[in-house]
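The first chain written gets the first letter, and so on, giving A, B and C; residue counts start at 1 in each chain.
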Amino acid sequence: MFKAIISADTLRTTLDAVSVLVDECKIHLNEDGLAIRAVDPANVGMVDLELSSDAFESYDADGGLIGVNLSRLEDIAGMADAGQLIHLELDEETRKLHIQIEGLEYTLALIDPDSIRQEPDLPDLDLPATVVIEGGDLDRAVRAADMVSDHIALGVDDTSELFYVDAEGDTDDVHLELDADDLIDLEVGPAHSLFSLDYLKDMNKAIPKDAEITAELGEEFPVKLHFDLAEGQGSVTYMLAPRIQSD
Amino acid sequence: MFKAIISADTLRTTLDAVSVLVDECKIHLNEDGLAIRAVDPANVGMVDLELSSDAFESYDADGGLIGVNLSRLEDIAGMADAGQLIHLELDEETRKLHIQIEGLEYTLALIDPDSIRQEPDLPDLDLPATVVIEGGDLDRAVRAADMVSDHIALGVDDTSELFYVDAEGDTDDVHLELDADDLIDLEVGPAHSLFSLDYLKDMNKAIPKDAEITAELGEEFPVKLHFDLAEGQGSVTYMLAPRIQSD
Amino acid sequence: MFKAIISADTLRTTLDAVSVLVDECKIHLNEDGLAIRAVDPANVGMVDLELSSDAFESYDADGGLIGVNLSRLEDIAGMADAGQLIHLELDEETRKLHIQIEGLEYTLALIDPDSIRQEPDLPDLDLPATVVIEGGDLDRAVRAADMVSDHIALGVDDTSELFYVDAEGDTDDVHLELDADDLIDLEVGPAHSLFSLDYLKDMNKAIPKDAEITAELGEEFPVKLHFDLAEGQGSVTYMLAPRIQSD
């Protein structure tokens, strides 16, 4: 059983956070809210998303699992105006999701969850450095790096107490340094890892420019990017595997 | 003889209403205004447009007939700002249309009307159901149907007294119901017909979102869509032939 | 030695004025400001640009010469918001330009000036007619001409005392006449020349719509287009060679 009402804005932000990595996903319809975990086909980027029932206008579920085509669901949510409410109701028999937006009813065929790529286990890493940065600053770093290279280094300098971004191209380089004053928070520790810019660009697309991003970093370790959704009633964690340094 | 002055906005809206169906058309330069009738090459969609001389700043004509390339005339009208006036004058000898926009003079070669597809006779149908709907609601229905299918059913339910839109895709469906409260007006009668979404999308493009659309419907009959232009001083009727139901 | 601070807006306008003609250029880092001269590969369009040191927030140079890839430098300048300042500093040893925008540091590899197309000598022409026209009016003429032809005639009618633009297509024509009242200034003289519209469109892109353009014209002679940058602290002169009339 699943029946819920959610604002178009909240649903869209939620779906976007996952669709930048995968086309289809499983959604756990837990009693206390939705949960989604997914990994991209190359096993490089993962997402772990939770949306509390408090983020909904009304929410009623008892632990089901559905599989959805994300771009299709995004298109439907895109039919609603920002402030409009979207009604969702699962028909257990036909395995279809009924979606209503002000008189308009859309019947979405679900996907057999067993046919969807298995959900990843997010490794429990104890990363030594933590940086809390504005979404807009991360966006600037990613766009600048993209002008010169297809990979990007994220690191923390213990001694100078700063977070840095490095991108080295064939001829040109980009470098950004942010110290404690430029950041919302900084816990220094040894950290330097290289990442694929394509993945970070995709994740960056889903990160609101005014969000606080908590980035956990280590040396040649994955980066974890955490931010809140729906005014704190939802949360997203991205994990991105490092590339091997080719120096 | 033809000499007229018209606001850029009114000319553009008029041309758009025809150009969604055909590339070239004949324009009757009647004493009391312009008249255009055209049918698309597949004989599925027709348009019947009238623009009264009152919609012009000044208008002088005595019954001529010209053939025009619509996209070219739209490009020229597109050079004017919204509030600007466009001067039109026919040179009978050279068969060219002189178009002036604030000092800029464009000389448009006309097309021999005999070389343009014959104007259709709009059948005089007595359709049993009439729905008066806002342009914005029609737009929503058409865009939603387009997500799942390439055809769309429009109908009226006699018993429940409502207008409905149905689109059935391979896996997903869209359904919209509007009752008398949601509509501007509704005269029930037996009506259900299937239409090509491509044509309805084209017509929808030319329909202002805030216009009142009067739709006349029957069972497996064409639909007539009627709306006003130029603050009531012009009118457009589209007629769209039904597709054969394939149940 | 070169070290300067400039607003993002001013840098972008300066680069755009040159990049519409060439991909790479030499920049003279004179004591009193920047100077750029370039000609397109076909030797049809030339640009002569000067930007005074007064257009900068701070400026320090002693006469060097650098070669730059314009689109790359434009991309970097595009990372800054309109009001932001861009810091430029030349590293003489590595021949790289260090560009800083609020903590973001970009290292741009320069191009050997000797490998860049030689700078043109701008011929000192004494053209008989001068027209001072608003950028917006030139833009309108160029866009209208572009609808019918790939070349455009610019001329001055001595007797009627007006500036005109003519474009003749296979079927349609465009004609624009501006007299002394429509223009900022007009010095009549015999002038009529035909130009490639492609070049004039490119130059037009870089001309602000609210700029005063001084156009110097002759009979089958190049046109010179002059306008100011950076609130008068910079100046651009384009010169465009005429096409042979094919009457």
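Keep this in mind: a contact is a pair of C-beta atoms (placed from the backbone, for glycine too) under 8 Å apart; a residue touches a chain by one contact, two chains touch by 3 or more.
Chain-to-protein mapping (UniProt): A, B, C = DNA polymerase sliding clamp.
Not measured: the values here are computed from a predicted model.
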(request) Superimpose the Cα atoms of chain A (DNA polymerase sliding clamp) on the matching ones in chain B (DNA polymerase sliding clamp) and note the rotation angle, 0 to 180, in steps of 5 degrees. (result) 120
(message) For the two copies chain C (DNA polymerase sliding clamp) and chain A (DNA polymerase sliding clamp), is the contact made of the same residues on each side, with over half of the numbers shared, or of different residues?
(response) different
(request) Let me have the rounded angstrom distance from the C-alpha centre of chain A (DNA polymerase sliding clamp) over to the C-alpha centre of chain C (DNA polymerase sliding clamp), please. (result) 45
(message) Touching at least two other chains at once: which residues of chain C (DNA polymerase sliding clamp) meet that condition?
(response) none
(request) Using the touch definition up top, name the residues of chain B (DNA polymerase sliding clamp) that touch chain C (DNA polymerase sliding clamp) in the complex. (result) 72, 75-76, 79, 103-109
(message) So in the complex, the part of chain A (DNA polymerase sliding clamp) that touches chain C (DNA polymerase sliding clamp) is made up of which residues?
(response) 140-141, 143-144, 147-148, 171-178, 182
